[in-house]
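One structure is given below, encoded as structure tokens.
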């Protein structure tokens, strides 16, 4: 009984050490376990997969360095999938400038890896490598939140007249025939999709101000903190799917057929979750033993 | 990898451990790293505002033809009025600080007007409509769907009642409010579970950086 | 003193609200240009917050308070400003893909910001151990929901869930049967019944043989069910409660917006 009681009064630094070990040691096994695919992630994957080639995937990178471990793998996975299906990718940021750099880094690494795969012949339908301005465009960063979203519904060039390199959007092949977000079509007749990669509550703003007026297909990829609040939009049909946290990113990677950073991290995630639940059990054990006295 | 990337990764690893040292206790190394971070990120924010927002706005103001150029220049002028809130200017020109209220009022008015329409159109209507679900087996739905519909309708109604009726938990109303609390507790538990997942994912990201990018173990 | 700005809020707010209902020229164009103004003005607003931070630390250095820390902040700030100016001249923009300025973001801002937030992982584990108690029915429900979601959403979590649920069931059975202390004012017979129920759950979960000779059938049922139960919790009861909360918040934000529109709320002026 004394041993049981000692288990319930562990010093916080020992707990920190246990959490650190539970996170670090699984990496050394270099295993990427399979994850169970949830319907909300599969819907996003199937939607992008079924879009006609040349469709438009607009990514709103509304996150920062503190959310990169969860969201960056989503962005990478979506870009790789989109490029493999011949879709065009457009990046914008309006929440925080850090999303612009993180988003650009993610797209550039997907472009680099995809171009390597083209050179190795893994995509026989493509002979030329991906080009900025033709296959992907980065619109840049504009503060203004809902104002930017509403402007994009009427005319993209009113919010972003040039891309992040300073080139006029009208001069870019990828922007021909793309006037506003309504050109993404509707859920019944899609010609693209907007995916908000969210760390805060900008996802709510996108749905309420952007999608509600524009009626274009939309999905959300978010940190696990804000994911629960997006299920209301999923059930109401305002978004077609959610990629929630590192698990959502790992599911997307599994569907897309590669093991990236998210899949590698899932073993650590499992072990440390089990540790936290066991710690909660030990804490309650102490609580019940103390009440017995 | 070039020498600057290598130096950068080692500096990043040093800063990572400086922050982790806070777990033992607050110390000068952590405070130094924290202040360096705040200074650098503030300056990065200045460039983000300048190069990504202010300069493109001024460039567009110059590019628009005729009356639209004039209209855009008014916006740039209004935006510049906010700068009278800067501490440096407010110290030397305190009598002109009131000018910064006009652009703030404009932005506030925009936000308020857009909120009034879009919250109703984009949230209240669709979400309320989505709550009107069939509760009886009219369309041949299976028992699980019906049960879920009952739980959704009752959950939304009782959770709303809990927040709107700030009454004591007595009698019939008290019983209803208790049901509302039950739904809320399930929701908060799920949110807590997801929050734990998110925070642990951030730690996993840092450990991945240390093991993969810094030490090349994985 | 506030009259003109309050009138401006009213006029602009009323215009933006009514323009939605008037899809006749020139209202859509005016609405688009108003949104454009909003974007331009918001860009200047970003500068104001940064200024107060820098001025605060300049004053601390002038007063010789924490010179090392405030000095580090100012040095970091001005070195970044100088580096950004150089990158703008050399590469056409500080955030251009080839720009060396991004070194500061990748190797100072990203590791610091990410690591600071990752400290929360340790704190949340420690807090869960110390404070997360099944004191009453509500908190027990919260604990159960959190446990199912945490274990059901990760690989191997379902396999860990079954023994953990057995342990909790037996612990609660022990508590209700042996402790006999007050639990939300429940009578002794109620506590006995609940204790026996939890004991039955624990025994059934550990029962080794089922129909057709299947080993540990209830245990395996829990393993199979936990991920589905986690999904169901997220999609049904959690979603319903969340919708109720958010409907209340949206009604509150509408009321607040109306108050700001007619000038009752003026906090934004300060």
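Letters A, B and C mark the chains as written, and numbering starts fresh at 1 in each.
One rule holds in what follows: a residue touches a chain if its C-beta (ideal position, glycine included) is under 8 Å from a C-beta of that chain, and two chains touch if they have at least 3 such contacts.
Keep in mind the model is a prediction, meaning the values are calculated, not measured.
J.: With chain centres set to the mean of the C-alpha atoms, which chain is at the far end from chain C?
T.: A
J.: Write out the two chains that share the greatest number of C-beta pairs in contact.
T.: By contact count, the leading interface is B-C.
J.: Please tell me the distance, in whole Å, between the geometric centres of chain A and chain B computed from their C-alpha atoms.
T.: Their C-alpha centroids are separated by 15 Å.
J.: Could you put a whole-Å number on the gap between the CA centroids of chain B and chain C?
T.: Measuring from centre to centre gives 9 Å for this pair.
J.: Scan chain A for residues touching two or more other chains and write them down.
T.: In chain A, the residues touching two or more other chains are 16, 19-20, 23, 66, 68-69, 97-98, 100, 142-143, 147, 150, 228, 232, 235, 247, 269, 272-273, 276.
J.: Identify all positions of chain B at which a residue touches two or more other chains, and write them in rising order.
T.: 23, 44-45, 48-49, 52-53, 110-111, 114, 119, 121, 123, 127, 130, 152, 187, 190-191, 194-197, 200, 202-203, 205-206, in rising order.
J.: Could you pull out the residues of chain C that touch at least 2 other chains?
T.: Counting only residues that touch two or more other chains, chain C contributes 35-36, 38-39, 42-43, 45-46, 93, 95, 105-106, 109-114, 116-117, 121-122, 124-125, 128, 143, 147, 150, 153-154, 234-235, 238-239, 242-243, 246.
J.: Taking the touch rule as given, give the residues of chain B at its contact with chain A in the complex, in rising order.
T.: So the residues of chain B touching chain A come out as 23-24, 44-45, 48-49, 52-53, 56, 59-60, 63, 110-111, 114, 118-119, 121-123, 126-127, 129-130, 152, 187, 190-191, 194-198, 200-208, 211, 217-218.
J.: Looking at the complex, which residues from chain A come into contact with chain C?
T.: 10, 12, 15-16, 18-20, 23, 33-36, 38-39, 64-66, 68-69, 97-98, 100-102, 104-105, 108, 142-145, 147-148, 150-151, 154-155, 158-159, 164-166, 228-229, 231-232, 234-235, 247, 266-267, 269-285, 287-288, 291-292
J.: In the complex of these two chains, what residues of chain C are touching chain B?
T.: Residue list for chain C touching chain B: 1-2, 4-6, 8-17, 20, 33-48, 50-55, 57, 68-70, 72-81, 84, 88, 93-95, 100-101, 103-122, 124-125, 128, 138-139, 141-150, 153-154, 233-248, 250-251, 253-254, 257-258, 260-261, 268-269.
J.: Sort out for me which residues of chain A touch chain B in the complex.
T.: On the chain A side, the touching residues are 13, 16, 19-20, 23-24, 27-28, 30, 66-70, 97-98, 100, 140-143, 146-147, 150, 161-162, 207-209, 211-213, 223-225, 227-228, 232, 235-238, 244-247, 261, 264-265, 268-269, 272-273, 276.
J.: Touching residues of chain C toward chain A in the complex: what are they?
T.: 28, 32, 35-36, 38-39, 42-43, 45-46, 92-93, 95-97, 102, 105-106, 109-114, 116-117, 121-122, 124-126, 128-135, 143, 147, 150-151, 153-157, 160, 164, 167-168, 171, 174-175, 178-179, 181, 227, 231, 234-235, 238-239, 242-243, 246
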